[in-house]
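Structure in structure tokens, see below.
Chain nomenclature is as follows: A, B, C, D and E, assigned in order of appearance, with residue numbering initiated at 1 for each chain independently.
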Amino acid sequence: MMIGRVVSSVVSSRKYQELQGFKLLVIQPYFGGKEDCLVAADEIGAGEGELVLVTRGSAVEHGLSRKAPVDAVVVGILDHDPILKD
Amino acid sequence: MMIGRVVSSVVSSRKYQELQGFKLLVIQPYFGGKEDCLVAADEIGAGEGELVLVTRGSAVEHGLSRKAPVDAVVVGILDHDPILKD
Amino acid sequence: MMIGRVVSSVVSSRKYQELQGFKLLVIQPYFGGKEDCLVAADEIGAGEGELVLVTRGSAVEHGLSRKAPVDAVVVGILDHDPILKD
Amino acid sequence: MMIGRVVSSVVSSRKYQELQGFKLLVIQPYFGGKEDCLVAADEIGAGEGELVLVTRGSAVEHGLSRKAPVDAVVVGILDHDPILKD
Amino acid sequence: MMIGRVVSSVVSSRKYQELQGFKLLVIQPYFGGKEDCLVAADEIGAGEGELVLVTRGSAVEHGLSRKAPVDAVVVGILDHDPILKD
């Protein structure tokens, strides 16, 4: 999974019906830069500025309440920043 | 999902029959550079210059009207640019 | 999908039986550099120097005539270079 | 698979129920830099500082005791560093 | 598929039972640098220094003799280096 910070959300009026109801969050990777930002579906209510755990790929379907053309989903909200000893 | 801008389309006369009927759009990532451009199938009518949401990988099959050897599909057109507070 | 140019082919005498019969082409990404070259199976007869469309990942199985341990396949030959307005 | 070192773990009180019980480790790739750190589920008890083997993508489900929205899993602990002749 | 050179192997005494019996090779990409090295399962007997073809992702299961949490497998040994006209 990827650790990322919720930096924004996107609005799309013209989209697949299967995407209706998902909040679509822009996530900036905690490790890495802005050029790797991605959009993840959210069903657990992550807010802007929060650190989240994002699952990508085929495992996403185990994290969605229904089948949808979604390749990234927020699966958890972190309690605090990961501490890296360096 | 990836946010990208439609910058072009491609024409392929010699291709798999299963690709017939899909519009094939060249998408430049909104975050990142031209070297990450990819081609996505489009069934919702995205036009050049528009910002779109692209799903990749195994979830693509939930976004296509039929089985096809396609690994990226346009699933939504954004109403406006994402706003990133920085 | 990725746009790439056929730059070479590879020969492998010792390989999985399931790979027999596929032409294995070295593809250089049109966007990006030589360090991202990959090998794709080809069943539509793409020739060296031609621009092709390559599908990767789980959708590859919809582009192969049989099940095989193949993660990239040529699905189309482009009529001409994509035109990017910049 | 990726070789990586366990550098930390993450705590998430608000997460998918399917993630309960997995230890979530932050793994830094052995080859590559900190910007490629990822989070992997662990069921074999890898400890901080240990070198591990991480499987990603759809094969992860063969490495989990149950279905979960997890895209990376620790599948082995290395006995020692890989020796690269260079 | 990726072309890579076998540069080492890894030993893991504490690992998933499903990984028993696979040789685990460290592969350095032929195109690209050491930071992209990965570990692939090998059932065809590739030796150190040999150039191999590696399949990744969901197609790996068509290249393994049994189900396992493995995301990369050696599917062929190249007869010689690919020749790139440049």
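What we mean here is this: contacts are C-beta pairs under 8 Å (C-beta built on N, C-alpha and C of every residue); 3 or more make two chains touch, one makes a residue touch a chain.
The structure displayed is predicted, hence computed values, not measured ones.
Peer 1: Determine the centre-to-centre distance between chain B and chain E, using the mean Cα coordinates as centres, and give it in whole Å.
Peer 2: 31
Peer 1: What whole-number Å value describes the gap between the mean CA coordinates of chain C and chain E?
Peer 2: 19
Peer 1: Residues of chain A touching 2+ other chains?
Peer 2: 56-58, 60
Peer 1: Pick one for the touching-chains graph, please: line, ring, star, complete, other.
Peer 2: Topology of the interface graph: a ring, with each chain touching two neighbours.
Peer 1: Follow the ring of contacts from chain B in the direction of chain C and write out the chains one by one.
Peer 2: Traced from chain B through chain C, the chains around the ring are B, C, E, D, A.
Peer 1: Can you check the complex and tell me which residues of chain B touch chain C?
Peer 2: 7-16, 18-19, 24, 26, 34-40, 48, 56-58, 60-61, 67-72
Peer 1: Quick one: in the complex, what on chain B touches chain A?
Peer 2: 1-3, 29, 31-33, 44, 53, 55-63, 73, 75-80, 82-86
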